[in-house]
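This is the structure I want to talk about, given as structure tokens.
Chains: A, B and C, in written order; residue numbering restarts at 1 for each.
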Amino acid sequence: MRWLQRLIKLTQRERGFHLVTDEILDALPELREFPAGILNLLIQHTSAGLAVNENASPEVLWDFETWLDHTVPERAPYWTHTLEGPDDMPAHIKSALLGSTLALPVADGRLALGTWQGIYLCEHRDQGGPRSIMATAWGPD
Amino acid sequence: MRWLQRLIKLTQRERGFHLVTDEILDALPELREFPAGILNLLIQHTSAGLAVNENASPEVLWDFETWLDHTVPERAPYWTHTLEGPDDMPAHIKSALLGSTLALPVADGRLALGTWQGIYLCEHRDQGGPRSIMATAWGPD
Amino acid sequence: MRWLQRLIKLTQRERGFHLVTDEILDALPELREFPAGILNLLIQHTSAGLAVNENASPEVLWDFETWLDHTVPERAPYWTHTLEGPDDMPAHIKSALLGSTLALPVADGRLALGTWQGIYLCEHRDQGGPRSIMATAWGPD
């Protein structure tokens, strides 16, 4: 059994949606030696998320941000957790909606994603800082 | 360690929610030999999704579609990614909300789901075509 | 390869969001012997969910419930699945939005979560009863 576990620190991004497939794979060169496997990712934060979606059009990334801001509004009258700023509680909800973890197949040393799929860093805070991702991969010898 | 990885092509479905548990298991007969394990599924598309939910009432499937259409509306004024038709950008959002991957336990050669749980194909496009799922399973000998 | 699979019965909680990290880990004492691994959890119900989010402020838990109740309303005119009570169909949607499964990294015998992360039981029914979770963990020797 092959096994790999490593904490990855992503470079800081501004609020919004960002493709990070290449940055994650560059931090895990051993994956190229896996004939098959799974790559599990956990973002160790509660106001950012990970998702898999379209890797081609920047408009798709913008529209994700617009829809989420519309659907999980800042300064809504029902928020009680407001101490950490207006972007904080919506960021928690957005993080849970899109999710904090991914488990993606690996085949022939590469992620077995669809042609148009990439990994999104979903940064929901105005000043999120650099984000840590615990990457774990396993597979047969 | 047992290991199984196979690309499954689902038969084409119309827009909406569809139970595909049996179709997926029929494509993976080796799972019956796993004393324990995990089955990971990735749908290799960005406008369809996978979810686990109620396997009995067709009304539940319809209400999923109705709620999503209400909450992620087509032709909203804020969409910028409209080139691929009015159903495309909402389909990306819906896919990310419900998720593209599942990791389900296997015990005694069967999915260890709850009594009322089944696997949903969430088809968010009017003409989605057949969908590909990369299935990966592993477990002890 | 290490392998552990066990059905956990959580104590019954009222409707809302509840931190259950300690209750789950207490049911899996063997995890402390895993040098590395993954813990997969499936809640075997379609009207409750599992999520990872903030483990410190009770206000965050309340605001999750408030936002979900606002966004997936009971007694909306479009529901057709109303036979099991007004809280049932919204509970199915909420369960699928936040998800039924988690796959969390283990390092040095502990969950490798971020400082502020904990596991939420998301109880979406008024009388959900005790909830069953199938826990599966694996890792290298």
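Here is the rule we go by: contacts are C-beta pairs under 8 Å (C-beta built on N, C-alpha and C of every residue); 3 or more make two chains touch, one makes a residue touch a chain.
Note that the structure is predicted; figures quoted are calculated from it, not measured.
When the CA atoms of chain A are superposed on chain C, the rotation angle comes to 120 degrees (nearest 5). Under half of the residue numbers at the chain A-chain B interface are used by both copies of the sequence.
A separation of 20 Å divides the Cα centre of chain A from that of chain B.
Touching of two or more other chains is recorded for residues 1, 71, 97, 99, 103, 138 of chain A.
Across the complex, chain C is touched by residues 1, 3, 5, 40, 42-46, 71-72, 76, 78-81, 83, 89, 92-93, 95-97, 99-101, 103, 132, 134, 136, 138 of chain A. Looking at the complex, you find that chain B touches chain C at residues 1, 36, 38, 51-54, 57, 59-60, 62-64, 66-67, 70-71, 97-99, 102-105, 107, 112-117, 120, 138-140.
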